[in-house]
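Next, two complexes with subunit A in common: one pairs it with subunit B, the other with subunit C.
Showing the complex of A and B:
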């Protein structure tokens, strides 16, 4: 038993009650049911984000909206690569499918906005399903290569049927009119943040369900998973479809954010940057994807600002973001191989453990010597041994 | 009952199994013995679908198993405990058991099934929330055996369960195996290098050599066959 735990369990010899009752914030507990817990967290996040977006300028609200849409794409990629172990370089292509779906529906129909978003998710998820089925036999670099082809193939398809997809000019999108008094940038940021929070809640719930266990089992040991009755191929395809659906929604939001959907918005570098940001943030951690999304949006901003300060040319400025991103990636991978979120978690556990030990050493009275029985006092036998019974 | 007929498996130009035939009865342990490279592991892999046979058939309870996927064979009540303890290291001990119950136990009864497995292996109960990667060799063997037993399998395929374990733990595992098998409708096929230990718990045994069955008889009969012991079993 750790010293901190010993002190925590000390009780008064007279009353038998704990010497240091928990403070009110220590007694507060999140709901134990996963969906309820995730909904409470999302609600708290929504309240914080409401006040943050209300205080920001329209330009910064655009950036917050972009963070939200990259967060959606990264969360899907984290589920696919971090949790299920399938590397995909096609996330940008699935984003393009979502964006073009919304743009085409806005151009040719008068569908409800939410239905348009659902159609974007559905279209990307369907393509993800097809790619996932064909990719079930591929692993590691081979799978990355196959999905890379997808990212390379989609722009020429859009160019080939330029009358439908708008060619280089692309297709325009229209953001739904904001209710009175709200500026359009803030309204779009709220829509994108709502989409991100709903996506995070759904994915977090999925990961705590039977699917989450199956995803992790497949990533870790396919043979053991299949011997346990887990359908490996079906699990991989499900992860691909869910991830592509997330990318579809992110792409739809990117189309709304830029106002135009063209192939130039979805270059190959987008897929690579998403994969790098996902690794940087901490593959497999949904919450950690916030860091990846923030870096994806703010590194280009910072590089533009630095270029301006040092009087660098436009050409250098364009490459500076990639250089900064690469340097950050190298530094984080050396300092925290499990990404920013993994590094922060390690730091928090380390600091809280140290703080807890020093606090309990100060607070523990010398006369308190009664400890409740520990699990170690009743260490069970190695195995059930009928010979000894 | 498990009935394997004329089963042949090749890896490229190498014949791992050549026309292997044998039967394993319900409520009995059938040992598969032989030297390294005899084809014991390949035999189990072919039954559970991990290896694709060239020819032959594997009937279990009157149904053909060959041609089905590994997952579908597992869902028919065939639990394969592979050599090298195929646990899922990234999951906790409890989640390893939970994954195996997903297809065979209704949601409301899963926790009770997990607790029953922990009663069978009390040592694991203290590690239930630990990652399986932190377990020792013996604990891993318990976990993988628990993961197989939690599905209440009709056919249990065990590949070298004693590998790397202390003699005391091997004896306990074998006792547990006998307890679980006798009086049940479970068929057990036990692959072992440790022929003495396997023959002490099995009712029947087959001996493989270079992919072929060279002996198929009751375990006590094989145990007293000095020529067979000297040539193939090494004790």
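Showing the complex of A and C:
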């Protein structure tokens, strides 16, 4: 054992428990209670995002809004695939349901905007519930195929009944008018960011609750989970409905952001790219989905500018983005399945370990270090043997 | 009545093609327990290569054989490079890798050949045969499809039932470790299985291309119909793939013919869901006991 490691594992003379080195930020602590912790983080995020969006141009605010809406869809997918172990290639279909719900309500009724968004979530979650009920009997590849078929089967319905769903032209959506002085792009970005932050807080809370533990238990071992009293089918259906609800909200925002809801906006590639971005960002993580959403929005932009530099046509540049996505997806899946967030977490743990070791060495000079007293010195009867007592 | 007959004939032809693609999925699933979602994209690529060769003035049959050979090599390469590193990893990983492969292959095809759909020639005349004075929706090319897929199924049956190689392949799929102990080169046989599937998929692509909008995404729907067919057949049995293909082809043809085109994927979705609800293990495979 290296002396530095010894310093890390000193035990308290009173309790016999290992002493944890005091963190560099001293005694200040985050709230322990999950809801409070997530709310504090979300508020901090909201403040930062307020300043960011105020500084950006209207065009960049549109992009920020798109990042927010993809974040919502990705967070739901991460909960479904990363935490519960169910794969879905139909996230785009649920987005379409949310978008069409909002567009139809806007065309035919004059409901409150928030109620319309809630209706979009509800409609998508209901479909998710139905799919989830059938999906409880399906495993990995079967579920992937069935949801893939869903993503292909839903959009033609809107084409078929084109009088209701607007056909090729689609249905128009109206963003609620911004309060005076705020430009509309910024206002929409705020609405979408607020939606994203609220979704993240709710999902983060769900994941730290009993449900979150059930999700992970079902993912890791269904038999063991059901033996421990987890209702496997109900857990899977819940995850599916929550994930679909997230997609519904994201779809509603996508409809608002483009101004038109038509089937062309929900191709199969959308579902596939969502899955790819979720895996790249780090399946199972919520916060990491920021990376996925940023990739989804900026890789096409970036590939357009790069292929412009190399003199490639506009047609080729669209494909360049998908090729990059695909190659990176395959490489990440084979080499680093925990994705960007997993890599960052590893880096952070590595760095903070180095940091605290060097701090410990400064606090406790090397000659003063000693091996921790062995467990046998303090607790002779570690295993209570009733026959010997 | 003639509408019904024509729709049925169309369904049988389509079903045969789905059966071929489903056979490719079954070959791979039996060997490596992976559903190859990139099967359609791989077939798309080999068909595009065949199309390029034809544009260069090559004879149709040489291009046909070249596409099959490239399909074989592509399948084997994919297994060696992408699937082998994932052995022993969670089920979801190969699914995601094959989907990544779909993205890459369709992107490459789109970048090289463009998004617009082009024509692909058929081996034989595509105008319907005349039976008893009326023209039916069954052409010389459809006869060729029927014969080709049935021959393929027969060859597959002979390979797996009557040859030592087929026996080894079945053994290495059934009990990998035991086969390895008995001296079977399991790794090579799995690669061979993927190669054969690539060949079968390439054949399906060549048969589908003349009757569909041949572009980078033309196999997306066909792949998912083939998946439905393979699941109906139980994912394990080639005979199941044939029957599943016919059922799916007929179902899609009836939905498209009577309820309106565009609703075919929905019909397939209902068919898939009903099958999975009623008999999750498929029609042609025995239920396996779950070990607790």
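Assume the second predicted complex is superposed on the first by the 333 of 389 C-alpha atoms of A that agree within 3 Å, B and C clash if a C-alpha of one lies under 4 Å from a C-alpha of the other, contacts with A are read in each partner's own complex, and residues count from 1 in each chain.
Operating definition for what follows: a contact is a pair of C-beta atoms (placed from the backbone, for glycine too) under 8 Å apart; a residue touches a chain by one contact, two chains touch by 3 or more.
This one's a predicted model, so the numbers in the text were calculated from it and none came from an experiment.
Enquirer: So in the superposed three-chain picture, is A:134 touching just subunit B, just subunit C, both, or none of them (first/second/both/neither)?
Expert: Touch partner of A:134: subunit C, not subunit B.
Enquirer: Considering only touches as defined above, state whether A:144 meets subunit B (first), subunit C (second), both or neither.
Expert: Touch partner of A:144: subunit C, not subunit B.
Enquirer: Of the two partner chains, subunit B (first) and subunit C (second), which one does A:220 touch, if any: first, second, both, or neither?
Expert: In the superposition, A:220 contacts subunit B only.
Enquirer: Thinking of the overlay built on chain A, is A:229 touched by subunit B (first), by subunit C (second), by both, or by neither?
Expert: A:229 sits against subunit B, while subunit C stays out of touch.
Enquirer: According to the stated criteria, A:296 is in contact with first (subunit B), second (subunit C), both, or neither; which is it?
Expert: So A:296 meets neither subunit B nor subunit C here.
Enquirer: Subunit A residues touched by both subunit B and subunit C?
Expert: Overlap of subunit B and subunit C footprints on subunit A: residues 223.
Enquirer: Could you pull out which subunit B residues touch subunit A in their complex?
Expert: 48, 50, 69-71, 74-75, 79-80, 82, 86-91, 95, 98-100, 102-104, 119-123, 125-126, 138, 142, 147, 151, 169, 172-173, 175-176, 179
Enquirer: How about subunit A: which of its residues touch subunit B in the complex?
Expert: 210, 213-214, 216-217, 219-221, 223-232, 375, 379-387
Enquirer: Where on subunit A does subunit C make contact in their complex?
Expert: Going through subunit A, the ones touching subunit C are 81, 85, 87, 89, 134, 137-142, 144-146, 148-150, 152-154, 156-157, 159-160, 223, 268-269, 272-273, 275-276, 279, 315-316, 318-320, 322-323, 325-327, 329-330, 333-334, 337.
Enquirer: Would you pull the subunit C residues touching subunit A in the complex into a rising list?
Expert: Touch residues, subunit C against subunit A: 34-35, 37, 82, 85-86, 89-93, 95-97, 99-108, 110-111, 114-115, 217, 220-221, 224, 227-228, 231, 260, 262-263, 265-266, 268-269, 272-273, 276-277, 280, 292.
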